[in-house]
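Both complexes below contain subunit A, partnered by subunit B and then by subunit C.
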Partner chain A sequence: MKYAIMINEGPYNHQASDTAYNFCKAALDKGHEIIRVFFYHDGVNNATRLGVPPQDDRNITEKWVALGKEHDLDLSVCVAAAQRRGLLDEGEAQRWGKDVNNIAEVFHITGLGQLVEACIQADRLVEFGD
Partner chain B sequence: MAILHTVNKSPYEKTSLESCVQRSDAGAAILLIEDGVYAALAGGAKAELVKAALADRKVFVLEPDLKARGLADQALIEGVESVDFDGFVDLTTQYDQVNAWL
Partner chain C sequence: MSEENDGKKFMFVNRRAPYGTIYAQESLEVVLIAAALEQDVSLLFIDDGVFQLTKGQNTEGVGMKNFSPAYAALGDYDVSKLYVEKESLEERGLTLDDLQHLTWEDEDDDWAEKDSIRLVSRDEVKKLIEEQDVLLSF
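Entry: the complex of A and B
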């Protein structure tokens, strides 16, 4: 089955990012396909490569990156939500004259059109958030 | 068309479970996840909500989230079924749509 996943809550906030990650892992292990994980609203904060959680805590961004690499996942970050919250890739940082970019590898910046497209192509949309 | 509803907040914190029970149809399923698992406990002040749903809907609870809260040994409302993440995925295939009450 084809899944689109939507995450609306930041990491370390409540539990949505962890639940979404565990759901994705279980679905992939069962042989399902995840056509896109769409990070929206505060969910875009999952994509920062500058997070440094304590050593005995999980690094949610690194977990997404590892899962993304293993399964060639499309980890899409909403551009408008990202700009508001200071999540910039190299191109966006240049465009806005910022001195740094902070999007982790595998993640990439897209728009709401990609969410709509994923909803059309997927058999199920599963949403996680606050 | 049968819908799988997910509820992730405690019924003692938010009214999302109440809204879900009021508005979901017979034949639907409700999956309690994250803080939503508190609603699955027998003897809770909001147990009637889940019992009302169980009359014509299935109610599931995510076992890892019970464990994370130290509730794995607590009695659940009769009829509530435990699932793990594999079971969560299976439920999304068995129902036609997934609706998150966020």
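Entry: the complex of A and C
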């Protein structure tokens, strides 16, 4: 089955991203396809490469990066939600005159059209959040 | 707009009050994109989500953007199906008169102006949800 995944909550504060990660991993292990993981609302915070969680805790962003690399996943971050919350890639940082960018590798910034398109192409949209 | 649409049936389920969290505001942004991509879009308002459509919203005191005028623009995007659950309204002491009067123009009926808000019962909500291809819950 072709899945589109939507994550609406940030890391650590909420389990949504962990659960979505486990769901994606299990689905991929079973041979399903994840056509896109779309990060929206506070979910965009999962994409920061500047998080430094304690060493005895998981690093959610790095887990996504590893899974993304292993399965060539499309990890899409909504541009409007990201701008509001200070998640910028190199291009965005330049465009807005900011001195730093913070998007982790594999993640990329994109528009809401990519969420709707994923919903159109997928057999199922699975949303993680409250 | 005609009721026929080659797109998928997208329903946006709005469950939360308009302010306090950003979900309602960011939900509208997805609605507009789905409509622009010519999907068959409808909105459902249940639980505290019915407060999103109340008229006379004033956010001055909380310093947030009053985005409620955007609901009146939905008709222009061919979004003409705004389902409001009757029980959710009643449980909050609200009636249809407390909500904005939202309309759309029916291309197939000589551009007649029609009401966008459709009151539905909790039982009807279950049926509506079953009919959808994509459910986005905010």
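Everything that follows uses one rule, which is that the second predicted complex is superposed on the first by the 130 of 130 C-alpha atoms of A that agree within 3 Å, B and C clash if a C-alpha of one lies under 4 Å from a C-alpha of the other, contacts with A are read in each partner's own complex, and residues count from 1 in each chain.
Everything that follows uses one rule, which is that a contact is a pair of C-beta atoms (placed from the backbone, for glycine too) under 8 Å apart; a residue touches a chain by one contact, two chains touch by 3 or more.
Values in this document were obtained by computation on a predicted structure and should not be read as measured data.
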Practice task
Look at A:109 in the shared chain and tell me whether it touches subunit B only, subunit C only, both, or neither; answer first, second, both or neither.
Solution key: neither
Exercise for the section: Spot which of subunit B and subunit C makes contact with more residues of subunit A, would you? Expected result: B
Exercise for the section: Once the structures are superposed on A, label A:80 by its partner contacts, choosing first (subunit B), second (subunit C), both or neither. Expected result: second
Practice task
Answer with first, second, both or neither: which of subunit B and subunit C does A:127 touch in the superposed model?
Solution key: both
Practice task
Check the residue A:27 against both partner chains and state whether it touches subunit B (first), subunit C (second), both, or neither.
Solution key: first
Practice task
Determine, under the contact definition given at the top, whether A:44 touches first (subunit B), second (subunit C), both, or neither.
Solution key: neither
Practice task
Look at A:15 in the shared chain and tell me whether it touches subunit B only, subunit C only, both, or neither; answer first, second, both or neither.
Solution key: first
Problem - Which of subunit B and subunit C A:117 touches, first, second, both or neither - result: second
Completion exercise
Footprint intersection on subunit A (subunit B / subunit C) at 8, 125, 127
Problem - subunit A partner contacts - residues on subunit B that touch it in the complex - result: 8, 33-35, 64-65, 84-86, 88-89, 92-93, 97-98, 100, 102
Problem - Partner subunit B, residues of subunit A touching it in the complex - result: 1, 3, 8, 14-16, 19, 22-23, 25-27, 29-30, 32, 124-130
Exercise for the section: Give every residue of subunit C touching subunit A within the complex, in rising order. Expected result: 7-8, 10, 22-23, 26, 29-30, 33-34, 36-37, 39, 134-137
Handout entry: Interfacial residue positions of subunit A with respect to subunit C in the complex
Key = 6, 8, 40-41, 80-81, 111-113, 115-117, 119-120, 125, 127
